[in-house]
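Okay, so chain A shows up in both of these, paired with chain B first and chain C after.
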Partner chain A sequence: MAEKKIIDARGSFCPGPLMELIAGIKMVEIGDEIEVLSTDKGSAAEIPQWLKKVGHEHLGSHEEAGVWHVNLKRTK
Partner chain B sequence: MKILVIGGGMGGTILVNNVARSLKDDVKSGKVQLTMLSASDKHMYQPGLLYVAVGKMTPDEMYRDQASLLEPGIQFHVDPVETFMLDQNQVKTKSGKVHSYDILVIATGSRMWPDSIPGLKENAEFFYTEETAVKLFHRLREFQGGKIVIAMGVPHKCPMAPLEIIFMLDDFFKERGIRDKVQLHYTYPIGRVHTLENVAKWAQPEMDKRGITYETLFNLKSVDGEKRMLHSEEGTEINYDMLISIPAHKGMEVIETNKLGQNGWIPTDRFNLNMEGRSNVYVLGDTTNIPISKAGSTAHFEAETVGANIVAMVKFGVPVRKYDGKVFCFIQAGSEKATYAMFNYNQPPDPKAPTRAIHWFKLAYNKLYWISARGLL
Partner chain C sequence: MELNKISVVVLSDKREQLQMAAMIASVGAVSGNEVLVFLSMNALRYFVKGADEKAPCEGPVGELMEQKNVPPFKILFEQAVTLGDAKIHPCSMAMDVLGIEQGGLEGYIGEPMGLTMFLDECKGGQVWSF
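Coming up: the complex of A and B.
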């Protein structure tokens, strides 16, 4: 497994953290992990919903000093 | 001091003109040497492609000679870079010439990447090049009825384009008198009709009002041209009679071949706009990996920041400005109304209802662009 990829989407309104993830997930291998950083609270809910719908694994989310960290694994 | 700008698009052109004007005497005396290398002798107003696709602009209107846009004193060569030798502060061009620099600005832009989705290139229409926009216009003109689907890849240049084309198509077919024979179906990758929440809030009711159907959380996985069927990552299917795509984009090939960044996006500091790890290399516009819109407006405001900093480094030895993430995008909401979205890293956009006045201003900007590219607006 490669080193965890960080998608730093802090301050991103457009295209936004989920769109950054949709683009970024295609740039890692199946089995690789990604951590999305977002200052948008809505994305913290939106990303896990999309992961569930598409079938990737949500490893967990937490908030730290106004930044949401969403961890996931590409599974397909 | 040698300042070298790679790429003659909006960002590179504004930057080099701003620097040339601010350092006019230094350029004249030879203390500062300004050079631009580009792949083309033409400059294209890329937002014009949307209008070409619906027959509201001719291809010729989108172009000016690049040399005519540049301030005196700028050395302009149509000779694209093939090799970046960043450790030596040099680049090598297609003609074999080596250019040295003290400061390098990379503004090579992006290109559409329809090959990223199986079946897309062969079966979809596009409007991101002159050739594809003209072809789409002819297909739309000949279309007699059926289902047109808009589908997109991520990331794509101009995040407003999906909304703009669907609203323009609605008016296009109304003007042709066959709107009742055309189903317009819009898809979008996330759970609303646009990534900007406030834009989605007015766009969705606007679609309802116009009878445009839509499906969100639809990420195109493949296109079956024989069955005229789209398949999504989410497991759903949509049939179509005509597919129009805003495809995923990637950076230019020269960035990839020189291993400056994955998929052609160069890792860039979001505030200083330096290439990561290179204090004398700046990156502008689509070429960066910064998580903001890939749009001419982004390149414009980044160019103003980097241009000011280059001038400051010549005069004070240090940069003076940071880029705050500013973006200003017009949103053409059909053929008679428009609005805009303005935002930065800290402030989300709050677009107002589309008006005719903003539409007229957008039409005026289609001409004013050439002043903007000169760095005067």
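Coming up: the complex of A and C.
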């Protein structure tokens, strides 16, 4: 498994972080993990819903000093 | 994953309307839906190749979007195509009225489409109008 890819979408508003994730997920292999950093609360909620809909694995989310960290694994 | 057909009719030249249309098109497309966007009336001029006219705001949210880092609607429409395989077509009537030639629109915009074809394409799916 490759090193976890970080997608830094801090400062971008919905649907910017999601679109950055979608562009980024195409660049990693199946099984690789990604962490999205977002200051947009709506996107932090939206990304796990998108993962569930399209079938990638949501590994968890947490907030730290105003930044949401959304962790996921590409599964297909 | 359930595949839905989503058609978005974009007519307005106002920032908020264009933004919401682009958000539905882009998020819809990258979520595995079949998205068709039909550009007509006052919305079409923003998609002329090289157009840099700013869309006027309807209210305070539009003005706030200008100030904050909200993705521009044209970028979102392009991402709908490049990341989600959405199809975006200009209305053939609006092309004629505005005198826009083939190839005069941004590269991610498809061929002109008439209403007969559009109405047939959007049959049985969600239709959103802005």
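The criterion applied here is as follows: the second predicted complex is superposed on the first by the 74 of 76 C-alpha atoms of A that agree within 3 Å, B and C clash if a C-alpha of one lies under 4 Å from a C-alpha of the other, contacts with A are read in each partner's own complex, and residues count from 1 in each chain.
One rule holds for everything that comes next: a residue touches a chain if its C-beta (ideal position, glycine included) is under 8 Å from a C-beta of that chain, and two chains touch if they have at least 3 such contacts.
Since the model is a prediction, treat every value here as computed from it, not as a measurement.
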{"item": "Simultaneous placement of chain C and chain B on chain A, clash or fit", "value": "clash"}
{"item": "Touching partner for A:W50 - first (chain B), second (chain C), both, neither", "value": "both"}
{"item": "First, second, both or neither for A:L18, with chain B first and chain C second", "value": "both"}
{"item": "Partner, of chain C and chain B, that touches more residues belonging to chain A", "value": "B"}
{"item": "First, second, both or neither for A:D8, with chain B first and chain C second", "value": "first"}
{"item": "Which of chain B and chain C A:M27 touches, first, second, both or neither", "value": "first"}
{"item": "Contacts of A:G60 with chain B and chain C, given as first, second, both or neither", "value": "neither"}
{"item": "Stretch of chain B, among 109-117, 163-171, 253-261 or 271-279, that runs into chain C once the two complexes are superposed", "value": "163-171"}
{"item": "Touching both chain B and chain C, residues of chain A", "value": "11-16, 18-19, 22-23, 26, 46, 50, 53-54"}
{"item": "Residue numbers on chain A that touch chain C, as the complex places them", "value": "11-16, 18-19, 22-23, 26, 46, 50, 53-55"}
{"item": "Chain A contact footprint on chain C (complex, rising order)", "value": "1, 23, 26-27, 30-32, 65, 68-71, 76, 79, 83-84"}
{"item": "Residues on chain A engaged by chain B in the complex (per definition of touch)", "value": "7-20, 22-23, 26-27, 42, 46, 49-50, 53-54"}
{"item": "Complex contact set, residues of chain B against chain A", "value": "116, 154-155, 159, 189-191, 195-197, 217, 219, 233-234, 248, 262-263, 270, 291-293, 325, 327, 341, 343-346, 348-349"}
